[in-house]
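See below for the structure under consideration.
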Amino acid sequence: MGNNYYATINNTVERLNSQEFDGKLTHKGRDGEPYPSINDLYDFINLCRSVIFPGFYGSSMVNNQTFNYHIGVRVEKLFNILTEQLYAGLCFECKDEERKLELKRQKSLEIASKFVEKLPEIKLILRTDVEAIYNGDPAAKNFGEIILAYPGLKAIVNYRIAHCLLELGASDIIPRMITEMAHSETGIDIHPGATIGSYFAIDHGTGIVIGETCIIGNHVKLYQGVTLGAKSFPTDENNNPIKGIARHPILEDNVIVYAGATILGRITIGEGVVIGGNEWVTTARVRS
Amino acid sequence: MGNNYYATINNTVERLNSQEFDGKLTHKGRDGEPYPSINDLYDFINLCRSVIFPGFYGSSMVNNQTFNYHIGVRVEKLFNILTEQLYAGLCFECKDEERKLELKRQKSLEIASKFVEKLPEIKLILRTDVEAIYNGDPAAKNFGEIILAYPGLKAIVNYRIAHCLLELGASDIIPRMITEMAHSETGIDIHPGATIGSYFAIDHGTGIVIGETCIIGNHVKLYQGVTLGAKSFPTDENNNPIKGIARHPILEDNVIVYAGATILGRITIGEGVVIGGNEWVTTARVRS
Amino acid sequence: MGNNYYATINNTVERLNSQEFDGKLTHKGRDGEPYPSINDLYDFINLCRSVIFPGFYGSSMVNNQTFNYHIGVRVEKLFNILTEQLYAGLCFECKDEERKLELKRQKSLEIASKFVEKLPEIKLILRTDVEAIYNGDPAAKNFGEIILAYPGLKAIVNYRIAHCLLELGASDIIPRMITEMAHSETGIDIHPGATIGSYFAIDHGTGIVIGETCIIGNHVKLYQGVTLGAKSFPTDENNNPIKGIARHPILEDNVIVYAGATILGRITIGEGVVIGGNEWVTTARVRS
Amino acid sequence: MGNNYYATINNTVERLNSQEFDGKLTHKGRDGEPYPSINDLYDFINLCRSVIFPGFYGSSMVNNQTFNYHIGVRVEKLFNILTEQLYAGLCFECKDEERKLELKRQKSLEIASKFVEKLPEIKLILRTDVEAIYNGDPAAKNFGEIILAYPGLKAIVNYRIAHCLLELGASDIIPRMITEMAHSETGIDIHPGATIGSYFAIDHGTGIVIGETCIIGNHVKLYQGVTLGAKSFPTDENNNPIKGIARHPILEDNVIVYAGATILGRITIGEGVVIGGNEWVTTARVRS
Amino acid sequence: MGNNYYATINNTVERLNSQEFDGKLTHKGRDGEPYPSINDLYDFINLCRSVIFPGFYGSSMVNNQTFNYHIGVRVEKLFNILTEQLYAGLCFECKDEERKLELKRQKSLEIASKFVEKLPEIKLILRTDVEAIYNGDPAAKNFGEIILAYPGLKAIVNYRIAHCLLELGASDIIPRMITEMAHSETGIDIHPGATIGSYFAIDHGTGIVIGETCIIGNHVKLYQGVTLGAKSFPTDENNNPIKGIARHPILEDNVIVYAGATILGRITIGEGVVIGGNEWVTTARVRS
Amino acid sequence: MGNNYYATINNTVERLNSQEFDGKLTHKGRDGEPYPSINDLYDFINLCRSVIFPGFYGSSMVNNQTFNYHIGVRVEKLFNILTEQLYAGLCFECKDEERKLELKRQKSLEIASKFVEKLPEIKLILRTDVEAIYNGDPAAKNFGEIILAYPGLKAIVNYRIAHCLLELGASDIIPRMITEMAHSETGIDIHPGATIGSYFAIDHGTGIVIGETCIIGNHVKLYQGVTLGAKSFPTDENNNPIKGIARHPILEDNVIVYAGATILGRITIGEGVVIGGNEWVTTARVRS
């Protein structure tokens, strides 16, 4: 390679270094601070799966006599990864001036510990989701098939973990990365802020969007391509969207939404209502 | 970390270990039995690709004089991985009392051997699929581009392999994991149970669903977002869905289905029919 | 395993080796030539991300005093990988008779060098995209969240890199593999040949298709499931599609397209037009 | 590369395949049989080290409350690897005609299980070795330094494990590979068949050779370059060495052998004798 | 595997957990504390080699225009690894009661920073060692061959780094692990505490031992199998060796020691003395 | 970390960059040139072992029917690696002005091809070495044990490969790195320039040195710690050693050298002579 190529490289490096955009495209962490890592969160999710569905994930460990060693090692490991990532999330969001690292680390430990405590509860509700998928799909031969091969369940697992973390006080970025991981893998985009009841079933799943302020009851079933979105959102005096306003639908118990339907805005779909395929719904519905 | 965090971990491990749900969320294999592995199946698929499309996948091996060494090593390798995974699939499904491991292993060897025999045939039909995509897409510059970069073809490759395995008697879980792998990678969800003719073309692909009992003729083309699904399904006396009933559409030769169309139920779309974009079809169609 | 299994393997290897299909399913490179590698392009994209969004990707490197070392090493590295892959792309396409390897290598170096020069410009326009997404999504808490967790941005990054390479004269296969990588990860399929202005926002994104000859203005926003496709395409005397004809929509500045809409053919959607959800549009629109 | 290079390769492959030497340079295993693996034995040794010296090897696991999970997982893992390697060893040695695979597998399980039972005992005696090294070396600051950085201890650890396996009935090849691993790492070559008492200290170690039929008492110390070898060995009528005859020295308690000394033949070095540096000893010694 | 094997495992785990030996075989770190890692130190040494002998180690980086980026990134990286390992070393040695983590971390940073400052000096003296080896070995064709393939140089590099760290106040364990790494790789055992002048040449090297309190002048050359050891060492009232006493030889400038020679005790080998092969020297020598 | 640490790093980088020593510690390759890689040579040696001792190295491949596929793939692979490394070696040595890259590449291909042709011959002579070790060691139970676990054989394998390469015209650095690899692993240092006959046996091996101009006959056996070295070497007018002069011993057929013996200078040890342990020999010997 001739020298002119290297001159180009040097010149570009200089220009990139001088492009600052008020630092908004550059993440200036402090030395020694961790930062959110998609790889670490991926390991965390796999560990969660392996303690919730033992034997299906994370290599065999199903002998009764050594079972608890494996669960123990994995729970400890996921606790450690989670603590680090929660800390990274807290550092990620904070402004330079207000950093109190010791407090943040303490807070990370507390959230991680509470999350570990919630694991049996998460397993309990995921059990209802597996059952709902099984009952709703004639192609499903057994629970194992759903646990190993159904994208809908994978998305729900990530959502339930992410939602739990959000409720426990994790910074937004961590739960978002966790649900986004499932989005990338399955095409199902559930915002961690959504509230979803038990026995939740997603069929096929690709192309599903569930917005941040959705509230979904028990025994709800969604087909592929369903959007539970916002219709519009108010802006403030500077024409910026006002963040955090309830703007997505409420689906009560036993609602079914068929493929391709779009439900927009803070409207309520009443108990037992069935929304047809490709329907475009912007007003409330009750069971007729 | 203080001791209380570890106390929480210990306590959670105990609670997780005592949550059994009749064992349905836990996979109790026998010692020494393999279990279905997404990583191994991924290697298997890559080996299949590299012997079907030599030179495009699996690193270069295109010199005429050493060509057969490479194909030989890879076919032997895919045979071994497949045998192990088929065995894992058979163990996965069987009940405790009826396990006859030696028979299962024998059956795995036989299916894997038959699959190897079918490879040239699979290559033959995939050749028609590549050609169909090439002829239908003005953006495709050559066969190589389709083989390397078209998600539609990737999904069809996995489907044809999975369908072949299912026909040869593999347990459901293995073909399901193979098509699910493509689903995750491409957003195209083809059930391995579907029957699909030659010259099958998928354009763009994201969001396509092809159900378990679909029958698709030759020279059929589907665009993104197409669903070939079930409308409803009969339930037995316990209100459980009856598994295995024909409930998805039949598409005869030369059918084209445009983006976003949904075709539901055991209906026949006749030879040469074109279904428009976003159409919702629940009754049979014939060419007018 | 009995000998008959190996006999089957040997027999299959022989049959596969004799299946040639005019070589169209086999990539016959010359010895020593590289070939397009999805893994290398993946590394290339990650290096691009890490120099465009420093600190968010590619491990921490945000100390002011060593910053330029890291940017320097990475730009050099991405330059080298890109040069090799461009060369692989040029070899991939060329016919046997016309290979002039030295010229191809020279051309690869020149394109790669020009690409490096364009990096600050790419960063500049991506900055407008991040801002557009931020302003359009009440759920986005800060720029960092968009950079780390929004699939829409990931797809745009890959598109802008791929489009730049195409304009600089790279063979089609390389840009295609780069956008296909994003397609697989996000479900957003943007052809590298499309032309897209600044402040481009994609919300959720799954299921978006943007065709090869699309022209998109500034401040355009697309929701999930939107297709900007071709309606039909003329064929030549042999009934083959004529490649390269303008056949996709033009979207002028400030257009918004809601979820599930399909816009087909070389039609113009005028400045400021809003296309409703699930609309099927095949004729031009102007703001009323 | 021209074709002639590939012709050479093909030709060589053919010649290598036809070189058989009565099969003595080729290991013809049966299908599905494992074979001795240096990598697996390396993992096995590392797992042994991590349960014998917890916290020094195998990443931290020193919290009292989760301690037993880690030890449990590792003991199970080393049990599994060892079983497989013992089985590989038994297959490695057996002649074609006498293979009774099920019996061999059963035997492997039994030896591995007995080895696991011996682990606390091995730890007990290694404790005496660490203490002996500590007391004999003014440069050793603490036990940890010896455990982490003394080649002498590493060689003794491998020897004690290998010797235990040999006594439990493992085929020769497995213990040999284990001590050879230490030989390569440390330059200390202890045959697994040697018998060595407690409080055994090796200083520096490089170049030490301890033969198969050595018997070494308690509180013995060897310096670098010491050989405990055979002087000569009787041959049978075909002039082949007769295998297995006692032909190496006996060192009684409290013997010290200084650097470079060579002791050859089945002679006894009496209790408390000190052999000077570079001495060449071929006759028995008693303390004067 | 039958249950009895698992019972054995459980039983052994329990016994191992109860074996405490006053904790001396168990390293009880505090949570979050790093511990000395042979792998990290290995990376550290490789980074040192790659900045001292650029182009020979650590992949090519020899273009003048990007040279400083690479050196910069590597020096920063080795600084970070070293800081962590120095901290691990300080934690490793300290007793539970006296841990003042913040001070230790501060001390680690200071030592690592001073080490970085010393790098050019280390390079300077290693330059003399390379030259000495080159001049002394007719088989050495060029400097590059010595840098890439001479075990003697590798051992000296590790020694010079380790010795520098020891002088800067690192805990013993870190320098020990660094020289032990070279010992394992080359069979040359140089204690980091030894003092060695410039133009130091080791030929072949295997089996060389240089004790903790050795003092070696300039232009000294040692052949394989040479020991510079202690003759005996005084013990305290408890019969324990007194640590830290000068007990190894002093070699003045221009001394040559031929293969297999052993020099023991605090004696001086005068300027220019040549010690013959296999000699056993325990009294001072001067040039005759 | 405070800024002063980074200032130190920056300052050191600058100083290192300005330390040039006439470039002798820096390897200035040309862009795109490979350089000698210990990792690649390691893979090369392992591939050689796996085609010479099939089934013992390189994973099982012992089924008669697929045997030739595996050998074929491996020979091709070792040919490619070797060609690259030979080219790296030629580039490594050449001066800037005289580089004719195309010629060098051509020469590399020719040497690699000739080496491949020699493989069966190398296997033939290694067969005699295995037999010699087996016959000379009562502890050796079978050929397999020697192939898998005897350091002596490993060193001889590397020597025979390196020597062959040297004879075929490879630059010195490549064979040196190959024998040095064995030196590091086994403590046996055989210069690739030495000439060694068939049925060569090394027992234990650690500490053996065989110099560049040694000539060793057939049926020779060496024990650990043996040195076949140079006594002194003439210097030129500048007091530099004259390179390449015959200066090491000649050992005729059937010589045995016991542990620790040192033989120095261009002297001949006659047919059948036995050199005793620790002997120091500087004059010729004949059988008495």
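Letters A, B, C, D, E and F name the chains as they come in the text, with residue numbers starting at 1 for each one.
Rule of thumb we're sticking to: a residue touches a chain if its C-beta (ideal position, glycine included) is under 8 Å from a C-beta of that chain, and two chains touch if they have at least 3 such contacts.
Just so it is clear, the model here is predicted, and its values are computed rather than measured.
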Exercise for review: Mind listing the chains that sit against subunit B and also against subunit E?
Suggested key: A, C, D, F
Exercise for review: Could you work out which chain's C-alpha centre is the most distant one from the centre of subunit F?
Suggested key: A
**Study point:** Chain copies touching (subunit D, subunit F) - same or different residues, decided at half shared
**Key:** different
Check your understanding: Looking at CA centres, what chain is most distant from subunit E?
Key -> B
Revision key, fill the gap. Per the C-alpha means, the centres of subunit B and subunit D lie apart by a whole-Å value of 49
Study note, to complete from the structure: Note: subunit C sits from subunit B at a C-alpha centroid distance in Å of 26
Study note, to complete from the structure: Residue numbers in subunit B touching two or more further chains are 1, 6, 9-10, 13, 31, 63, 66, 68-69, 72, 76, 187, 206-207, 225, 260, 278
Review point. For subunit F, which residues are in contact with subunit C within the complex?
Key: 1, 3, 6-7, 9-10, 13, 63, 65-66, 69
Review point. Can you name the residues of subunit A that touch subunit C in the complex?
Key: 1, 4-6, 8-17, 19, 21, 24-29, 31, 33, 35-36, 38, 92-93, 172-173, 176-177, 180, 183-184, 187, 189, 191, 193, 206-207, 209, 211-212, 225, 227, 229-230, 233, 240-245, 247, 260, 262, 264, 278, 280
Point to revise | Interface residues, subunit A side, partner subunit B - complex | key: 51-56, 60, 62-63, 67-68, 71-72, 75-76, 79, 109, 112-113, 116-117, 119-120, 123-124, 126-127, 130, 135-145, 147-151, 185-187, 204, 206-207, 223-225, 259-260, 277-278
Exercise for review: Over in the complex, which subunit B residues touch subunit F? Could you list them?
Suggested key: 66, 68-70, 72-73, 76
